[in-house]
Amino acid sequence: MLTILFDGVAYGMLLFVLASGLAVTLGLMNFVNLAHGAFAMAGGYTTVILMQRYGAPFLATLPLAFLVPAALGAVLERVLYRPMYEKSPLDQVLFSIGLVFMSVAGVDYFMGSQQQLVRLPEALQGRFDLAGVGIGKYRAFVIALCGLIALALQATLVGTRFGSRLRAAVDDPRVARGLGVDVGLIFSATFAVGSGLAGLGGALGAEMLGLDPNFPLKFMIYFLIVVTVGGASNIAGPFLAALLIGVVDVAGKYYAPQFGAFIIYGLMIAVLLLRPNGLFARAR
Amino acid sequence: MSASLALTPPLDRPLAERIAARFAADRRWGWGEILFWVAAVGAPLALPRAALLFNEIAILALFALSLDLILGFAGIVSLGHAAFLGVGAYTAGLFALHVWDDPLAGLFAGVVAAGVLGFLASFLILRGTDLTRLMVTLGVAQLLFELANTFSDVTGGADGLQGVAMGPVLGLFRFDIRGHVACGYSLAVLFALFVIARRIAKSPFGLSLRAIRDNRLRASATGVDANRRIVVVYTISAAFAGAAGALMAQTSQFVSLDVLDFHRSADLMLALIVGGPGWLYGGLIGAIVFKLLQEALASVTPQYWQFWIGLLLVLFVLGGRERLDLALKSLRGRFAAPRGRG
Amino acid sequence: MAPALETVRLVKAFGGIVATNDVSLRIEKGARHALIGPNGAGKTTLINQLTGVLKPSSGAIRLEGRDITATPPEARVRLGMSRTFQINQLFRSMTPAEMLMLVLCEQKGLGQRLFRRLDADGAMLREVAELAERFRLDDVVDREIATLAYGKQRQLEIAAAFASRPRVLLLDEPAAGVPEAERQDLLRTVAELPAEVSVVLIEHDMDLVFRFATRITVLVNGAVICDGDPAAVAGDPGVRAAYLGESLDA
């Protein structure tokens, strides 16, 4: 049972890293970016390509799994997303759906539609025993890494000048601009970092979640659930929501495999019924 | 546009008559509308070999019409309308397999089932922001997808519901392999439901929906109970979508899991946006454009046509939507089609 | 005799800010009651609570003796209360005829009818025409509202509120933003409202206030500082102090 919990936590942490960028984009630019999963996919495929074509070891690919989608995000934000900020939610949704379709078809064309397999380094394979509980080494690694990232995000947001500028920009972009905060730069930087994190999550998740061209579509709803349930106004909300979803999903699939898949959807609908603004969101 | 009507001698006739005349004129079927439907009936007659394509167009048009009711008239953004399409399809299919193979009865069953689901789901979308509405609609559709997948002994799961043999329409018209009866059946259902939708759009209820969409605050200050109205229109919209699903099941004698897939909802949005939401014909025209486009692209790149759809979507939203909307506005006015802005 | 509208110790606080501070207001039947005060005094907040757009923090609101504090806005309209907004809130894609017909349909409970024709009832059509004439909209009745001149839109704003046959009508700065040339029409419209309708007028235009009102309440920082007939209010030193820097003749 504890193994299930452990697996659920690992899954949840991974979801958090994947969805954190979306939370910030939504909270900051009020932009519903359904194409967020495409950046995750980009990171995953970066790792795959580096490992398969260039024989790079898994861990070495991770920084690039962050940087490549981050760079991609920075460019796309400037070129494509900027003009969309002022448009209606409907337009934004359609726009991001269009991007998803393009990325899914594009990746399918270049990489084929089969599941990509990632061979983990020897050190991370297998399990070890901790107080009678079987702990997968890779999952432990994921938890540790994602936990560090979560702490780093929180520290940045709360402790640095960039973080306070970001929070100012989220609270009130106009006032922030008036105070000399370069809101445009902040948007670009956060979008890039968010995309990078998604990419890293995609690479880490290749082994746990699978990786194929349909990744953005398959997991889009999970990211959205994390953000909707957790709210987009801080780090803790999505973090807790992601953990909750991770544990419930894994436990559900294990204990009630017939219904496992849609316990999550039921949970989401229930939460939204009771708290339309998310479980942890501040009342805006 | 409206200028042509206002130029009739204003001071001769009493004001009440003028107002009445204007309402009546808005209600009447314009030349463009009549032309449209004549062409819609004429096309499959003129090109019988494309009957199957016309059938698909009619079904998508009905589906788009259903979305227009909530998006164009009440302003609700839904990413999960495929849920109702799927419920209608599976209900009609299962009805034919286990209860009675009469098409109209199955159609009715599909409509009712989807309508009930729509009624229940409508309470989920009343509260919250645009984003939560998006989420909820998406979630409901995904939920149904998983349900259909799980209960595969009933629904056929990934293999789909097979062998949905249909009886003759009205006891007279057997479904033929060329799709002629199917096409005629779908067109007839589309037209019948369109007439209903048109009547609703031009009723006090339809007016109140436009009020809710134009200015929610003012609508409630006018005494409009927005939540109630939204529940009603959402239910009707779901019922229409269910009809489209039922037609799908009945005319192809098969229901696949794909009917609940996300891309159905996404493609639907695109089709409606192209034609422009809010004037009922937008969905119909968009469906025609979309299907023809799909046919053209699929023959060129059968595997990757989704890429081009995505690209079109991006370009359309980035650059074209407002301009196309403006260009179409004068067209709408001349056709005296139901007026409501997208 | 219960007053047409009254508030009992109404309070509205937003976090630390008290926007409505223990306001007890009495609007008599057939009143021509003006609510004035400097900018930020909380007049619109008060109106929003009266109409149900905002929930008060404490206190009660009674319409003709009936407690409506918890009644939703749509229901209050049906109970006979109606308002205009400071900034025009209209249905821009409709025509004035459509908007007025909508109000009438809602008033008669026909708003839920799915299949009814808009021109079904001759009496209602005549009523729309009468409203259009009374509010000087007869020449633009079939034009899209978004294309109308601001003054005409303002007339429509009042017409729409009036069309629901309210017994209490709340006008939130009806003259706001109306160009000088169209102001006279507006003033005449307000003056010609029937005597049975109790009218509450929020205005900055003192010309309009002193010509129209038989009773004035002065609101400053959310609290009532003076309440009485125009002469008393004009002479009140507290009122003069509150308006220091602002002239009493618009």
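To keep things simple, chains are lettered A, B and C as they appear, and every chain counts its residues starting from 1.
In the analysis below, a residue touches a chain if its C-beta (ideal position, glycine included) is under 8 Å from a C-beta of that chain, and two chains touch if they have at least 3 such contacts.
What you are looking at is a predicted structure, and each value in this text was computed from that prediction instead of being measured.
Relative to the centroid of every protein C-alpha atom shown, the closest chain centre, again from C-alpha atoms, is found for B. A centroid comparison over C-alpha atoms places C as the chain most distant from subunit A.
If each chain is reduced to the centroid of its CA atoms, subunit B and subunit C end up 41 Å from each other. Between subunit A and subunit C the centroid-to-centroid distance comes to 50 Å (mean Cα coordinates, whole Å).
Once the centre of each chain is set as its mean CA position, subunit A and subunit B turn out to be 34 Å apart. Here subunit A touches subunit B in the complex through residues 26, 32, 80, 83-84, 87, 89-91, 93-95, 97-106, 108-109, 217, 221, 224-225, 228, 258-259, 261-262, 265-266, 268-269, 272-273, 276-278, going by the rule given at the top. Listed in rising order, the residues of subunit B touching subunit C in the complex are 2, 5-6, 10, 14-16, 18-20, 22-24, 26-27, 199-200, 202-208, 210-211, 214-215, 217-226, 228-229, 232, 339-341.
Interface of subunit B with subunit A (complex): residues 71, 77, 79, 123-124, 127-132, 134-136, 138-140, 142-143, 146-147, 149-150, 262-263, 266, 269-270, 273, 303-307, 309-314, 316-318, 321. The touching residues of subunit C, counted against subunit B in their complex, run 51, 53, 72-74, 77-78, 82-83, 85, 89-95, 97-98, 101-103, 105-107, 110-119, 122, 125-126, 128-129, 132-133, 138-139, 141-144, 160-161, 164.
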